[in-house]
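As written, the chains take the letters A, B, C and D, and residue 1 is the first residue of each chain.
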Amino acid sequence: MLRVTVWNENRHEQSNPKVSEVYPKGIHGAIAEFLQSENTEVSTATLDDAEHGLTEEVLQSTDVLLWWGHIAHDEVEDEIVEKVRQRVLDGMGLIVLHSGHFSKIFKVLMGTSCDLKWREADEKERIWIVDPSHPITEGLGEYIELEAEEMYGEHFDIPAPDELVMVSWFEGGEVFRSGCTYRRGQGKIFYFRPGHETYPTYYNTDIQRVIQNAVQWAKPVNLPKPVYGNAKALEEIKSK
Amino acid sequence: MLRVTVWNENRHEQSNPKVSEVYPKGIHGAIAEFLQSENTEVSTATLDDAEHGLTEEVLQSTDVLLWWGHIAHDEVEDEIVEKVRQRVLDGMGLIVLHSGHFSKIFKVLMGTSCDLKWREADEKERIWIVDPSHPITEGLGEYIELEAEEMYGEHFDIPAPDELVMVSWFEGGEVFRSGCTYRRGQGKIFYFRPGHETYPTYYNTDIQRVIQNAVQWAKPVNLPKPVYGNAKALEEIKSK
Amino acid sequence: MLRVTVWNENRHEQSNPKVSEVYPKGIHGAIAEFLQSENTEVSTATLDDAEHGLTEEVLQSTDVLLWWGHIAHDEVEDEIVEKVRQRVLDGMGLIVLHSGHFSKIFKVLMGTSCDLKWREADEKERIWIVDPSHPITEGLGEYIELEAEEMYGEHFDIPAPDELVMVSWFEGGEVFRSGCTYRRGQGKIFYFRPGHETYPTYYNTDIQRVIQNAVQWAKPVNLPKPVYGNAKALEEIKSK
Amino acid sequence: MLRVTVWNENRHEQSNPKVSEVYPKGIHGAIAEFLQSENTEVSTATLDDAEHGLTEEVLQSTDVLLWWGHIAHDEVEDEIVEKVRQRVLDGMGLIVLHSGHFSKIFKVLMGTSCDLKWREADEKERIWIVDPSHPITEGLGEYIELEAEEMYGEHFDIPAPDELVMVSWFEGGEVFRSGCTYRRGQGKIFYFRPGHETYPTYYNTDIQRVIQNAVQWAKPVNLPKPVYGNAKALEEIKSK
C-alpha cells in the first residue's frame, strides 16, 4: 500500500469564488480523488492545519508528498520545511506542482532562486514529451494540450534537471521545462508545471495520468540509510 | 507478465572446463534461473542458435534482453545487431553484462570505443552504491563485495551515464563506473560490470538482486512511438 | 592558433539558385568567413573533394570540425565517417549544424535514429537560452529570434544531452532542443539546430556568435590518450 | 584580467603547529601563490576579517571564489553566505575544496546534507580521471597519486554532479566522487576533494594544475541576467 499525502496551501479556495467553483473540495481534494486507488492510500494536509498537517507522524508515514502553494509560501514554518527536507533526503518522494516552484521546500532542495517568467492571459499550452522512455509518460500521447493556462517561461532558474521529461510551448511565444526530475539524498523529486488555480487543469485526464505516474516513480527505495562519519578501514593500510 | 530473454555467447562454457564447472547450465542458464518468477517469463538464446536465437518473433516478444558475450563479439551478425538496436529504440530494455561492454550492440548504442583497462588477478572488488535513490539498488546494503573478480579500470570510454549508480574499488588500485544507465529512443539500458566467466559471481545474491531490479527498471513504457517526418502546423502561421 | 575545418555537402548550392543566391560562396564559405580571426585558422572541405576533403592529414590538423549536410548524407563514405569518429574520440571538437542531425557521423556518435518532425513553412523560430551559465551563450540576450526558418519539432530522437543549452519555440506549435552538448571519448560535440539552406540564418550575428563560442568551447583538451587493455596492478594483490 | 579570491577559514593554521609548519602562509597563501599569474589577480580573505573579508565590494569584484573551511563552518554568518550564494547565481565561479563540503555555502547550493565517510589514516589516494574531455583535466596524466591523505568515502550525499570528472581510490577500500561540477543560476561550481590541512597537498603540481584549470573553467559568462517576473506576450494570443 502506497501512502500519499497531498499538501495544499488552500487559500485561494477560501478567498476567490472563481477558484472554489472550479475546485469545490480544494485543489488537494481534487488531486486526492484521482490518486486514490486500491493500492494507494491518500491523505490531505493544508497550511492552516496544526503544524500545517505535516506532523512527524504524518511525514514518517508518507511515501510520496505532493505540494501545491502560491500566495502563502512565507507562512510555511521553516522548521516544518526542514522536517520535510529531511524526509525527502531519507527517501520520501516529493511532487511539486505549478506555483510550488517558489515554495520554501523546493527552493531549499534546489539551491537556486527558482524564478521564472509568468503571465495570466488565458493562453494555450502544449506540453511536449521529450523523453518517451520515462515511466512518468506511460499512457500519454505525444503532447498534452491545455486550452487555457497561466504561462511560465524561461529562463527557469533551476539546476539542470537529472531528467528532462517535458517541455511546454506557449501561445505567447515562450517555452518552459515543464517536467523535471531530481534526486536528493535517497529521495526523488518531480516538478510538474501546469495547474493554475483558476483553470480545471487537474480534471484533465492526461494531467492526472502524469501525476499518478509520478507518484509511482517517486516512491521510496527500500535501502538502509547510508552510514556517514568516521569509518574504519576495510582494507589494511600500510604504514609509510 | 514480463518477458525476459537472456542472451549468452555460450562459448567459454564449451571450451573451458573451469567455466562449465562453475556454470554447468551456462551463464544464461544461471541467470535465467534467478530471474524466473511468478511475474517474469524467462527464455534464453545463444550465439549458435539460428539467427543467434534472436528472430524477429523473439525480439518482438521480449520486454527486456540481457546480453553476455566475450570472445565471439565479431561472430554476431551485423543484421541481428541492427534489429536488436531497433527494438531498444522502440522500447525494449537492454542489460549489458561485464565483457558485453565490447559487444557490437553496446558499442553501436554508445557511439564510443567502450574500451577499458582489465586484469585477471583474482583480486577483490567492492562495488559502492553512489545513488541510493535508484530503484536498481533496492534491497542492497552500502556495497557489494566480491572476493575475486577480473578487474576493469578507468578510463572506461563510454558517454557519461544518464545515471551513475555504482562505482567499483579494486584491490590493485583502480576504480570503475560499474553500474550505468542510459536511455536511447524509448529504450532503457543498464550496464553492470561484474561477471567474469570463471567466477561464481552470478550466484552472489546481491548481484542477482541488482539484475532482478534492473530488469524491473528497464521494462518498456507503454507509449505510442513518436511520429517523425513532415508535420502539419498545429497553429496558424502568419504569412510574412 | 585554433585550426577549424568547415565541412559542407555543397550540393544545394549547385542545384538550387535560391540557395546560391543566399550563399554565393556556399554555406561553408559563409561560415568560414565569420569564424576566421587572428587566433583561428579556417579551412573548408566539401563532399566532392577527394576523400571529401577529409584526408588523414586534414583531420590530424583540425581542432574543431563543423558539419553541414542534407541531401547527400548517403554519399559520405563509411570509411571517412569512421576516421572522423576516431578523431572525435581522440579529442577533435565537432559542431553539427541543422540537417546534419541525419549525417552518418552524428548518428554513429549518438547511437539513436536522430529523427525529428520538420516543416518548411517560413515560420518564426525563437531560440530560448535555458542555461545562461554556459560559455556557448556568451554575449547573447535571452533568446535569438529568426523571422523565418524551417521547423524541427520534438520528439528529437537523441540521447539526453549532457548539457541542454537552448530550446526553440516555433510559430506552428512545436518546441525543439536546439542547442545540445555531448562528450564522446576525449571529444566535445555541439548540435545547433538553425540553418536551413534557403534562409540567411548564417548571416545573423547572434547565430554567428553561438557558432564562434561553440568552436572555442569544443577545442581539444591537451591530455594524453588514456591507456586501455591489460594493466599491471598498481598495488599489491594478496593471494587468497 | 581574471579576479580570484581565495577564502580560508584559517583556524588550523593558528592552533595546530603541524599545519602552520606545512602552510606557513596559510592554506589561502599557498593557493594564492600558485594561482597568481600575468592574467590572474589573486586576493585572499579569511574568517576573522571584517565581514569574513567578503564585503559587497569584494564579492562584486570577484570572478571566481575558492573556499576552504573545516572546524568553523558555523561561525560563517548566514547573511554573508546568502550574499555569496547570490553572487554565484549571478555568475561568480565557486571552487569548494576538501572539507568545504560541509560549508554553509556548499550545503545551501546543493540542497542535500553533503555528508560522507572520513578517516585520518595517512593512506594513499589515487584520483582517476573519468572524463578526459573536460578542460579541468588539461595537462594531467591518467591519475593523480597522493601518498598520504585523509579518506573521504561514499556515499557522498550530493546531487548527481552535472559532470563527474574524477573518482578517488583509497587504500583502505573506499571510492569517492572527487571532482564534481555543478551549475547554479549563471554560476559554475567545482568541488575538489583533496587538501587535508596536515598534508602538503596544495604543493603537489597536479593538484595545483587542477585548481588552475578549474578557475579558468569557472569564470563568469558575459550575459545579461535573465529577466524574471510578469512578462508581456511576444506573440498575439487569440481570445477564446
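Rule of thumb we're sticking to: a residue touches a chain if its C-beta (ideal position, glycine included) is under 8 Å from a C-beta of that chain, and two chains touch if they have at least 3 such contacts.
Chain by chain, the UniProt names read as follows: A, B, C, D = Trehalose utilization protein ThuA.
What you see is a predicted model; the values in this text were computed from it and never measured.
The chains in contact with chain C and with chain D alike are A, B.
Shared contact partners of chain A and chain D, listed by label, are B, C. More inter-chain C-beta contacts link the pair A-B than the other of A-B and B-D.
A centroid comparison over C-alpha atoms places B as the chain most distant from chain D. Between the Cα centres of chain B and chain D there is a gap of 36 Å. With centres taken as mean Cα positions, chain B sits 32 Å from chain A.
Annotation for chain A: residues touching 2 or more other chains are 124, 126, 129, 131-132, 142, 153-155, 160, 162-163, 171, 173-174, 183-185, 226-227, 234-235. Chain contact summary for the complex, chain D toward chain B: residues 126, 128-132, 142, 153-156, 160, 163-164, 167-170, 173-175, 177. Of all residues in chain C, only 85, 89, 108-113, 115-119, 121-123, 147-148, 151, 153-155, 157, 159-160, 162, 171-174, 182-185, 226-235, 237-240 touch chain B in the complex they form.
Within the complex formed with chain B, the chain A residues making contact are 91, 124, 126, 129, 131-135, 137-142, 162-163, 171, 183-188, 221-224, 226-227, 234-235.
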